[in-house]
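Each of the next two complexes has subunit A plus one other chain: subunit B in the first, subunit C in the second.
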Partner chain A sequence: MAEKVIQEEKRVFMTGNEVVAWGALAANAEIMYGYPITPQNEIMHYWTRLAPKNEREFLQTEDELSAGFTTNGGVMAGRRAFTATAGPGNTLMQEPISMAEAMRLPTVTIVQQRGGPSTATVIYSQQEVTLTTLGGNGEGLRVVYSTATHQELFDYTIKAFNTAWKYRFPTFVLADGYQAKMRESLVMYDPASKGIEMFPTEPFVGKEGTPGVDREPGHFRNTYNVEEELYDVLQEHFADYNKMTPEVAEYKEIGSKESKVVVIAHGVVARGAKAAVEDLRAEGFNVGFFRPVTLRPLAVPELREVANNADKILVVESANGQMDRLLKEAIYGCSAEMLSLFKPGVGITAEEIEARVREIV
Partner chain B sequence: MEGYIGEYASGKSEVAVNRAIDLFNQGHQDVTLVDLDIVEPCYTLRPIKNELQSLGLHVLAWETRETIGLGEAGNVLRAENKWALRRDGDVILDIGYGAEGAKTLNLLEGAKEEENLHLLVVVNIARPMTATVNDIVEYVNGMGTVHGLINNSHLGDDTDIDIIQEGAQMVSQAAKRLGLPLVATAAVQELAEQMNWRDCMGNPVRGLKRYMPCTLW
Partner chain C sequence: MGRAWKIALAGEGGQGVQSVAQILAEAANEQGREALYIPNFGVEQRGGVSVAYLQIGDVAIGAPKFQTADIVVALSDRAIHRTRKYVGPETVFVYDSGIEGITDDDLPDNAKKVFGIPALEVAKNELHPRVFNVIIMGAVVKATDVVPEEKVKEAIEKKLGYKFEQNPKLREMNFKAIERGAQLVAEAL
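Showing the complex of A and B:
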């Protein structure tokens, strides 16, 4: 591979899509497979500009089904491979991602959410939470990081590759069209300079030696003959997933475990929620903030602690309760009353959140 | 007549908008600002068209309700924009990004023959693709005919004088190698004042009021 992509730590000014391309480069991603869709296009544009200079590769496929399956293939060949999509592209990609889930392929997928259902709007929503966390005909055995800033887009794109290859579950960075197009500064760095070691890749297929003689044969299956066979394999996958969960579940919070009202938001909406909570706390209100960084798996023990201590939880999202459903499952039986501020497909400002909190405190 | 071109998110539109307003404020009666970005739906003049017109500028840009499939496909070039170079007074073009964006000029009537059209490349050294003197030279060489450079080095809300001055040095060196003038450095009003309206290389500083942050969509 060519010399280090990022020689020294540097503050730069970029759009979110570019940040993802640079993050993937810094994470030593070797190939992107992709099919264009707004608002993720510039991930592809920048990757294709950066790839030749850095000895990386790109394949534009005929659609998202193919982009997903070629990503699976790249991973099986031992390549640190990724793809990016949005909206109806994400819908199509659930088929290959289900296969990745079945075969435990460490694919990395960047999702820049746009409005739904269907083609809807090109720019923004948080309506791909259900699809990204639980889509496909599987059991949602994925890791989904929801970012809020350009710095996080860089950090978590790098992290996504490591999580995927370490635990072998399909991993997502879930952002949105606002983050994709917005411009702000961030610090780019060489992961090694921060002590981040890139988890090594290895091919699933085409290894040396005769299978069954020189090495264990690889069985990478998405088809089973009998129900019991599938059942047994899934039990192993669930066990691996549960073992991984405390190691990967992440959240951020402000006073969430000692406040009577707690605002829960994720992604770009969490920026507004955090600002609103900080304002209200400065005025002396007993309000806390909780932001799941991983939407799958959620930080369940911490959420339950919050939901057993608070009187009221206000869930704020640019969807009609897609995160809310995940939260309700996680905190089932806890005592807090669940309230909501849902604006599907529309941005939510700190002022709106602050006004809603004032109504309920 | 001036056209502003450059890297994605270099600040072309912000520099173009402020240039048009400055000219108007200097007493030029007829100042026309033209949106020639027919690809990118975000951070264009469309959302601030009415605000700029209320200041006294002529603004040739789509209004959101007139567009079809905004952001999903490219925009159609407005007929009025196609004839922008035939207008009286000052004409400021805000052109789409990159070398491909600069080709939008080919769609304008009279662009090839127009001798008074000056194309200025806006450079921000905090953009990774134009972060070194070599990168800037290579980038500008890929743009076709250009007449000068603008140093618009910044970090958004995190901008300080250091990045502007570092940009002034780097873009000056690149300009020298390209045989082009560095026309000006651009900086938000407050920092421009602190710099006493000259950068460290002696170039004039244009003060910017930021209009573009509210044009995300």
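Showing the complex of A and C:
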């Protein structure tokens, strides 16, 4: 591996796609597999520019199915590998991701959400939440970080590799077209300088010794003949997932546990929601803010505490209730009334959120 | 610690509004301020109205887009119509007075101030059509005080310095364009 990519902390001003490429580089990602789709194209563009100078690799595949499966292959070979996609590409990507869930492969996938369904817009949405959290033909054995700022895009791209390799669940960084294309400042750093150690990678296959004699044989299966056998394996996966959950579930909040009205938003929408709540609190309103950073798994105990204390919860998202469904499952039986501000495929400003809160307080 | 300035710039694809927003954002960032710039973008490769959303402030910026701008700059007939929705009682609305066929009915009637500046004409007759957008940049700088003129010149130097090396007259023309843009706003105000 080449020497440190980022020698010392530096403030930079760039697009989110460029931030992801730098984040992956700083995380010592070794290879990206990908197929072009707006609005994530520049992740590939910047990676292909940075990779040769830093002894990293890139493979452009014929579609997202292939990009996903080659990413699976890359991690099985012990490489810190990732891919990036959006929209209809994310739909195709779910097939290889399901395999990664079955085989517990530590893939990292960056998703820059665009409008849906189908081609829709190349611009922006939060309509890939359901697909990214639960899009496989299984139970959603994956981790999804929803970022809101360029700093977080950098931080969580690095973190995603560690979560994936430590817990062996496919991990996503879920952003959107706005984050992909906008420019703002962030501080880039070498992970080691912050005490972040990159979780070591190792090959799944081609290890030393004779399987069954010198070492345990590696069974990386996505196929079972017997119902009960699948059932038993899944119970182990669920147990691992549940054990991991308190360690990886993340959220941010402002006064959410003692406010009568709490605004819940994720990703880029949370920026406007936070600004709106801060404004209203400054005016003396009893309003709180809660932002799930992990959409899967959610921080369920904290959410339930919020939903049992507040009278009203306002769910704000650029989708027609995709996060709302996840929240309702998490807080089932809690006492708060659930209200919404849904604008599928459209950005939401702080002003709109503030106006909606004024209607309901 | 005031609120962030919210600026919407709109023109025809190719008029250079995105470059203006990007350079202003970079100049503000260089100054240590918080800036967020987001272009609108669609499936079209060229043509159509191009809108740039720019926010500059002293603390981290909230949502990338906004409902009401502090200043709107519209550089074409279609851009005027497209950006009317960003106008509120505190908005300064600037348009190019050379746009043909614009009547008072086309201009927003709810703005704090509406004025036209002859940027296209000045670019064509005094400088060069290519620095039209730089004149606009000067106008924004004057109208908002978001970044000092000097910082903007530094940001231009950073972006176009390699061209200026080959032809120093370009530098002079770009800097002149900034100053003229600022003058046009000063006169209109």
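Side notes on the structure shown:
The rule we apply is simple: the second predicted complex is superposed on the first by the 361 of 361 C-alpha atoms of A that agree within 3 Å, B and C clash if a C-alpha of one lies under 4 Å from a C-alpha of the other, contacts with A are read in each partner's own complex, and residues count from 1 in each chain.
In this section, a contact is a pair of C-beta atoms (placed from the backbone, for glycine too) under 8 Å apart; a residue touches a chain by one contact, two chains touch by 3 or more.
Bear in mind that the values here come from a model prediction, so they are computed numbers and not experimental data.
Superposition of the two structures on subunit A shows subunit C clashing with subunit B. In the superposed model, A:182 makes contact with both subunit B and subunit C. Contact with subunit C, but none with subunit B, is seen for A:351 once the two complexes are overlaid on the shared chain. After overlaying the two complexes on the shared chain, residue contacts for A:122 are found with subunit B and with subunit C alike.
When the two complexes are overlaid on their common chain A, residue A:317 makes contact with neither subunit B nor subunit C. Looking at the shared chain after the overlay, A:13 reaches both subunit B and subunit C. Here subunit B runs into subunit C after the superposition, and of 19-27, 109-117 or 127-135 the stretch doing so is 19-27.
When both complexes are aligned on chain A by C-alpha atoms, subunit A residues 11, 13, 38-39, 122-123, 178, 181-185 touch subunit B in the first and subunit C in the second. Within the complex formed with subunit C, the residues of subunit A that make contact are 11, 13, 38-39, 121-123, 149, 178, 181-185, 268-269, 271-272, 274-275, 347-352. Interface residues of subunit A facing subunit B in the complex, by the touch rule stated above, are 10-15, 18, 22, 38-39, 42, 49, 119, 122-124, 178, 181-185, 188.
The part of subunit B that touches subunit A in the complex is made up of residues 8-9, 41-43, 70-72, 124, 126-129, 131, 154-158, 163, 216-217. Against subunit A, in their complex, subunit C makes its touches with residues 22, 25-26, 29, 34-43, 60-68.
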